[in-house]
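Okay, so subunit A shows up in both of these, paired with subunit B first and subunit C after.
Right after this comes the complex of A and B.
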């Protein structure tokens, strides 16, 4: 397939009111492309692998920017840049997990313009899909990655269902760990959905990474105070320190009772199509202290149930080691 | 009523009326009618290196393309054209951006600084450029404009960075010659620290 240098001909809208953006999203529906920082967008368009008729740029809408108090915790506008999140004092103090995750995204220039909403709803990075091949995720009826000689080193070890792509978003794992709520708007009104339900696997929606329907816009993310100031751990393993997507990442929030772990959330990125919650690890960690012994004990079950493909068995010990590192003293 | 909204509406009305005036000149005669709110005009003003430049911009046009092929500012290089190399780095409102992955229409009301805008009024090199020369930082030189812009943005914000901070700040700029350490030497020299 040919690759092009310039953008294809299309319309651009830069509304300054959310209502105008919602009307445009409704009018264009599946033919409209909601634009945040655009860093995931332009590759699709330049490659002619997606063909929207119009881009609806959200960056001029002030209501979608900024970090505010909410009834319970904070609310972050979807067009807030990762740079703003990384530098925000309050997030660094109370929700360090999120700023740590955001700081590992791509490169400085991309974080400068990349938005939280865009990072959360970005599309899968499977190179067969990205190349515009007609795979299951693109509406076709085959998977090129899960074949005897398919290159699936970076693909999933959990939750495969025809498609074996993984979630590329670093902030998504943090959002699931922090029990965030997504605020979604359309001309029909507003709905909220938990981060865990927002991200959907191929068994639910083969062509979507999230529960966003055409015409809907992710407008904000609400993070509850429940996990504010708790013990956090974030680590991302990738081939390169910059630009790269996670091979495996982990976002952990632990509620400590003295030395003992109480409630916790262990969420892995890069191992399934959605941020993958390790409920059995959370149960096993409850009542344990942060120590090398308990870390070893819990880490040994971290990758239970995984079904690796030909070339990604290495992700199992990676998961175990990330859990181990999260639980060290 | 929120005064901010009313001011914004006022500005939008002014823009709309000037669009109607432009339509009479024959340049954009077909576009003004029946467009949804938020549609962009093609003839726009940009603030590039402190100068206002009028330019005809396609809706989907990228800033690197506008700079190089419409404004003649070819110091900004296009490497990958995908936001994966950093050769096209420019500074927009004090922050580094990949100009290959920035819609020209999104910088209408913002200040763009390119490599051409760094020289002083007398034509002297920017201290970062001079330091890069003194440290023999570039090898082939293709990534250099981008490296310079990232270094300039860093030193504006943090005049005496540590080497690790400089490494982080320049991490979004690839160098196929692998002259990274030489660039870091240059940043340290430009900040007045021993390299």
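Right after this comes the complex of A and C.
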């Protein structure tokens, strides 16, 4: 497949007002490309695997940047860079889970320009899909990864429905664990959707990773105070410590009553097309203390229900060990 | 407007993907125009006196046939809703519901075929040359089924069998409780299956629209009642059917 060093021919818009961006998104709809930090964008365009007519650059819109108080917690503009999140004192104090997750994204250079919104809505990293094959996710009728010879070491062990790609976003797992709410705007107005519902699997929409429709822009993320200052654990396992996507990751938020776990949210990345919540683990962890004994007991059920592909059975013990480590922390 | 959609793959080859769903709106509009045209035409015609439903009842459909009809009807509607709603933007986890409804329809159709061949008068519902007289001569009454009903049945039979066969090929490509997905068909074969499945789906939408319309027309409502309760009156029988060509059991 040819790859090109120059940008394809398209209109570039750099609005400074959100309303202008929303009007452009509405006008171009599926033919428009919403640009954040560009880290998921330029590969697609370089390979000519996507052919938008217009690029709508959000980086000049001040209203989409920054971390501010909300009625119940904080609101983070979608164009806020990952670096700004990692360095924000309030996030580090109250929502450490998010800054820990953001700190594992790719490399320092990418975190300097990559935005929270871009990280959350980035597309699947299945190489068959990214190389422009006409697979299910690309609107075709087959999956190249899930074949006897398919290279599916990085693919899903939960939630496969024809497509077996996984969510590549490190911050998405933290957002689901923190019960964040996504703020989505279009010319029709604003709607909010929980992080858990924002990410969609192939059973619901096989060509999309999120519930964003053409013409809509993710403008902010609201994190409620419910989990502020609670006990958090984030760990990402990848082939390399930088520049790589999670083979398996875990984001955990636990409400502690002394040494005892109350409510908790255990969310795994890299194992399904969406951040995969481990409800049975959460139920099993309730009332237990952080100890080796309870960690072993809870970890043993972490991967229940998994359906590994030919080359990714290793993800099952990896999930169990991540739960074990979270319960020991 | 194109009939099929294609995509150029990474090697520059043109891959057939399936039907162009823009046709969905065309089919809906054409079906509605035809229905509206017929309704207007019928409104301009002199209304014949409707036969009474009172009096002695004769059996038109046995209970098992009525049950199978409604099983097929519900499964086809479930298939259309689960298959088409996501295409028009109503998103939900549709696939499992879709193949379950497809299996129900397949089983019902198989049962219907076996019963029709072994236990019923198969030819009573198939069009024969003598039926053509009905279209030319109003005084020529049909047997159990009118030529229009036979035509609808033939069309639905062909379309349903095609949608089932193409659906079964696609069914083999996904996970089920009985097997793991096989990915055994080539892209081009799958493209043809998706095209046939899509085209027959569009045809089914039109046929079902016509079927519902004619079912709900006032002068045809007694057929709907017969598909629910099983009987028509002797008055309805003599007004709409030729007793020489259909002598129903009067045990209803």
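Convention: the second predicted complex is superposed on the first by the 328 of 329 C-alpha atoms of A that agree within 3 Å, B and C clash if a C-alpha of one lies under 4 Å from a C-alpha of the other, contacts with A are read in each partner's own complex, and residues count from 1 in each chain.
We adopt the following convention: a residue touches a chain if its C-beta (ideal position, glycine included) is under 8 Å from a C-beta of that chain, and two chains touch if they have at least 3 such contacts.
From a predicted model like this one, the values you see are computed outputs, not experimental measurements.
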Fit or clash - subunit C, subunit B, common subunit A: fit
First, second, both or neither for A:204, with subunit B first and subunit C second: second
Vertex subunit A angle, Cα centres of subunit C and subunit B, expressed to the nearest 10 degrees: 130
Touching partner for A:147 - first (subunit B), second (subunit C), both, neither: second
Touched partner set for A:314, first subunit B, second subunit C, both or neither: neither
First, second, both or neither for A:127, with subunit B first and subunit C second: neither
Partner contacting more residues of subunit A (subunit B vs subunit C): B
First (subunit B), second (subunit C), both or neither touched by A:107: first
After superposition on chain A, the shortest CA separation from subunit B to subunit C (Å): 19
Residues on subunit A lying within both footprints (that of subunit B and that of subunit C): none
Sites on subunit A touched by subunit B in the complex: 5-17, 20-21, 23-24, 27, 38-39, 42-43, 45-46, 55-57, 59, 83, 106-110, 112-113, 241-243
In the complex with subunit A, residue positions of subunit C that touch it: 7, 9-11, 15, 17-18, 86, 89, 91-96, 173-175, 181, 183, 185, 187, 190-191, 193-194
Of all residues in subunit B, those that touch subunit A in their complex: 8, 12, 36-40, 58-62, 65, 78, 81-84, 86, 89, 95-98, 101-103, 105-106, 150, 168-169, 171-172
Contact set on subunit A toward subunit C in their complex: 1, 131-134, 138-143, 146-147, 160-162, 200-201, 203-205, 211, 213, 307
